[in-house]
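Below are structures written as structure tokens.
Across the two complexes that follow, chain A remains constant while its partner is chain B and subsequently chain C.
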Partner chain A sequence: MRQKNRGLGLFTFFIYLFLLGPLVIIAFASFEPGSAMKFPPQGFSLKWYQNIFEVSMFKTSFITSILVSLAGNLLALLLGLPAAYALSRFQFRGKAALNAIFISPVLIPGIVLGFTMLKYVIITYNLPVYSALLIGHTVIMLPFIIRVIASSLANFDFAVEEASLSLGAGRLKTFFTVVLPNIKSGIIAAVLIAFLESFNNVDISVFMTGPGISTFPIQMLLYVENNFDPTIAAISVLLMLFTAVLMFIIERLMGLSYFTKR
Partner chain B sequence: MKKSYLTLLLLPGLVFLAAFMVIPILLTVGSTFYHEGRFTVEGYLYFFKDPYFLKILWTTLRVSLVTTAICMLLGFPTAYFISQQSPRKKALLLALAIFPLLTSSVVRSFSWTIILGKKGLLNNMLLSVGLIQEPLNILYTPTAMMIGLIHLFLPLIIITLVGVMENIDTDLVKAAESLGANRFAAFCRVVIPLSVPGLIIGGILVFVGSLTAYTTPALLGGKQQVISTFLYQNAITLNDWYLASVVATIMMVITFVIIMIMNMLANKLNPKG
Partner chain C sequence: MAMLTLENIAVSYDQQYILKDFNLSVEKGSLISLLGPSGCGKTTTLRLIAGFLDAKEGKFALNGKDYTRVPVNKRNFGFVFQSYALFPHLSVYDNVAFGLRLRKVNKADVDRRVRRMLDIVNLSGFEQRFPKELSGGQRQRVAIARALVIEPDLLLFDEPLSNLDANLRVNMRVEIRRIQQELGITTVYVSHDQEECFSISDQVAVMNKGIIEQLDKPSTIFKYPKTEFVARFIGFNNFITFDSRQENGNVIELQTKGRTFRALHGEGRGEQKGLKGAIRPDDLKLGTQEELGVDFNLLPGKVKVSTYLGRSYQYVIETELGEFTVNKEMEQPYISGQEVLVHFPIEKLIVVE
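Here is the complex of A and B:
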């Protein structure tokens, strides 16, 4: 019996080695002083970290990515928060279907979503690339905003809201003074999760590039097509640190159990 | 009053999705059947008669199937081990599985180029211990793509299964054991059947994810195309939007059929009814 668990433990260890090993290797390779990536590195240098800031496309695309993710997040929150509240609070006909529609952007292949948006949002609707990028990112963030806020509302006792309403506070006032403060951490977690989804997105953004407009991951892909130096490894390390920090905050806000639910 | 209130809350989001997602998708699907002023299915005939296109579709399906099978085989025991740990250890292991999921897929796929390349870590190791004489050509092949996809999706099936296994009543396992089943039999007769719905849901996520993944095949697959890179190539490089729309429709149909079949299976196999 003990023996079997030890075997399983060793198995799990190898699985984690497989999952995390490549990320550790890329971190080591980022310190390589030479111009080709190697593991183990042949020395220690931070010059490829410096190089990130010297490639101008990284700078502009980083700013584009941050702006699109932040503005899209705000838009997704404005559309998603009322929807999440309605879907959690009330029972009504067609609720399941509405739920499915709001979640559907994660079920439709990203590359299909990107292509159809290029075809209609940019060409037929004739919207500028920048707005289309913003719209595309808002669409993919909506399901995450709605799901995370809904799971936060599932733990909220709506009797408290009833009490406030019956004491004469209006619906809007009740929402902002009673409901909102109670789901604040859920909302912040939703924003952070959606931000990561948007910032890392490739499938939509790859169709939405224009003169001087492109997101950060797309520029990373372009860069590795033509260069094999450790710059991307250095970027990877910074992105992983950033991800770890956001994940730590998400964990503090609402734990990680959201990720295990399907 | 209640109805207009509901409308006020839901309508903005719905209008937004309708305008920017539903209508573009419906028009794209429609455009594949109505081409150059008449109703036609030519696009589909063109696609399904061409051996090169079929080979891309077949490679995609094969790679996705193998990826899903391996993820299930590796993920199940791992998830079981995690679900048996103390809450602190479990939280740590879950966090370590969620972290790669939140990390950029460009970073995760790119990391394999250092390992699988001709002068990469794997070849250096194998050459130095004398297992091979010539460096292996793994990078830019379907195998590299598969490794990248397994790396991408294994955490997803692990955390899905942990979520399901956590809900299995440990009293059931204890009851089976007290009735004379040994630990292994209890595992086979109680844990496995109760985990099947989770395994199926995790399986759908991995299969659909690999079927539609773009970044990993683009970075690791080399010249070997899959259906998503083929769609991109037709839309952007070749400017053949008609064929791209046909491919997009085929991808959506396959995705929806799989989701529906697996959903039905999950409902049927759910021992709780």
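Here is the complex of A and C:
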């Protein structure tokens, strides 16, 4: 038995090594004073962190990313909240099919989805870059919004809604005063998860970005194609911290069971 | 005058009728229970009265006002749910105040009425607690207070005690009855537990497959079931199917296979239509003719199974009219295979449809 446990322990150790090792290496490499990424670093310097703020394309693309993610999030929430509610609350014909359609953007490879949208939506209707990005990001955020809010509604006893009706509140009033407060943390978690999904997205964005307008991850990709300095490692460290903070908030709101449940 | 009336109500779901030609009337201030197995339509009836379901046909009126098409939030009925359905994000106080605030009652009156109602359900001092900090019984009392504080025209209970443990159930049903009588509010109560229904109600409607089999006082139903279904539901395990019957004064004579049995007529026993005799295991007697001291309603049989129940023995007696279950206290129990006479006391044999 002990032998077996030691084997399992070793296995787990290697899994974590493979998962976290590269992140640790990147983190150390970001402090390299030289102009090429090295591990272990030959000294300690924050100059590449400084460099992030000196490259103007990083700044503009960061703002673009934030704006697209926030606006897309709002749109996805306006579409996704009623959809999640209807899918959880009512039984109707075609419900399974509708559910599948809403979830499909996460099942279809991003490259396929991005290319299809470019060819049949963006080019057909000759949409400007910002609109294209907004539509693309709304579509990829929608499944996350719906899934997370639906899993929050799954724990909601709809008899509570009926109690509100029987006490004299109308349907709309009931939704805002009884349903919404009880799924609030689910909605916030949904928004944060969708935001991460959108902010980190490359495969859809790559088809939507145009001359002079780019999202942050696309800009990072362009940068590493031409530069070998540790700036990208520094950015990675900041993004990791940013993600960790958001994940911490999500965990506090709903628990991360959402990720294991699906 | 009946206060609540359902006339020829029909409810269907997926083209299948759950209720059809359903009629019911309830007196003002009384508590009526709908009792029956799951799927009998009792909850459907309650939800229809509440307004959560629409009637396909028929009319529902209360105090002479037609409510058939009035939406649920305009009905002013109190509904108590099986799952309590308290608002998880609101305190006990705010749960109870919810309905009053919707009615734009001024703040001082809300406060007075909420506190009075919490006092009635013995929850004073719990105002600032949240539902998850309460026990099941306390939650149910908050739910009752919340339904009552709006001074509803009708109070509806949907299996309110089925999530509570046995002791609490008995206490809570006494509470519910006390509050209901204190406030004199007309109440419809749904349960599948007959003891609960019988102990709490002025009248009980036993339902089966979307129709009311019998609507009577609890004691009448318990003693004189009208139909085989009701009889079985309340513990009449023994049945004899007869071929013919004659009425002879206050005696009904029933025949099958050359044997005649007698049952009593009248005295609140209802019409006793039908050709089936029903009797409880506790009411059958066993013995020799001398021991029993009667010369009619006797049936010879043989003990098939004997089971010790603690307070009594339970026997299954095999006869030419089928098997009968008998409960009997005795020191020297019968053994399997023993010949014995089964006596059906005339006052206990009930004729059902």
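Convention: the second predicted complex is superposed on the first by the 262 of 262 C-alpha atoms of A that agree within 3 Å, B and C clash if a C-alpha of one lies under 4 Å from a C-alpha of the other, contacts with A are read in each partner's own complex, and residues count from 1 in each chain.
Quick note on the criterion: a residue touches a chain if its C-beta (ideal position, glycine included) is under 8 Å from a C-beta of that chain, and two chains touch if they have at least 3 such contacts.
Everything numeric in this text was worked out from a predicted model, so none of it was measured.
Should chain B and chain C be called a clash or a fit once both complexes are overlaid on chain A?
With chain A aligned, chain B clears chain C, so fit.
When the two structures are overlaid on chain A, which partner does A:204 contact: first (chain B), second (chain C), both, or neither?
Touch partners of A:204: none, neither chain B nor chain C.
On the chain A superposition, what angle, as a multiple of 10 degrees, is formed at chain A by the C-alpha centres of chain B and chain C?
The vertex angle at chain A equals 90 degrees.
Specify the partner with more touching residues on chain A, choosing between chain B and chain C.
B
With both complexes overlaid on chain A, does A:194 touch chain B (first), chain C (second), both or neither?
A:194 contacts neither chain B nor chain C.
Quick check on the superposed pair: does A:183 touch chain B, chain C, both, or neither? Answer first, second, both or neither.
neither
Quick one: classify A:82 as touching chain B (first), chain C (second), both or neither.
Only chain B is touched by A:82; chain C is not.
What's the minimum Cα gap, in whole angstrom, linking chain B and chain C in the superposed view?
For chain B and chain C in the superposition, the minimum C-alpha gap reads 11 Å.
On chain A, which stretch or stretches are contacted by chain B in one complex as well as by chain C in the other?
171
So in the complex, the part of chain B that touches chain A is made up of which residues?
Spelled out, the residues of chain B in touch with chain A are 2, 5-6, 8-10, 12-14, 16-17, 20-25, 27-28, 74, 77-78, 80-82, 84, 91, 93-108, 110-115, 120-121, 151, 154-155, 158-160, 162-163, 166, 183-184, 198, 201-202, 205, 208, 211-212, 214-215, 218-219, 228, 231-232, 235-236, 241, 244-245, 248, 251-252, 255, 259.
Mind pulling up the chain A residues that touch chain B in the complex?
1, 4-5, 8-9, 11-12, 15-16, 18-20, 22-23, 25-26, 29, 37-39, 78-80, 82-83, 85-87, 90, 92, 98, 101-102, 104-105, 107-113, 115-121, 124, 135-136, 138-139, 142, 171, 196, 199-200, 202-203, 206-207, 217, 220-221, 224, 232-233, 235-236, 239-240, 243-244, 246-247, 251, 256-257, 259-262
For the complex, give me every residue of chain A touching chain C.
My answer: residues 157, 159-160, 162-171, 173, 178, 181-182.
What part of chain C is in contact with chain A in the complex they form?
Spelled out, the residues of chain C in touch with chain A are 50-52, 72-79, 81-83, 85-89, 98-99, 102-103, 143, 146-147, 150.
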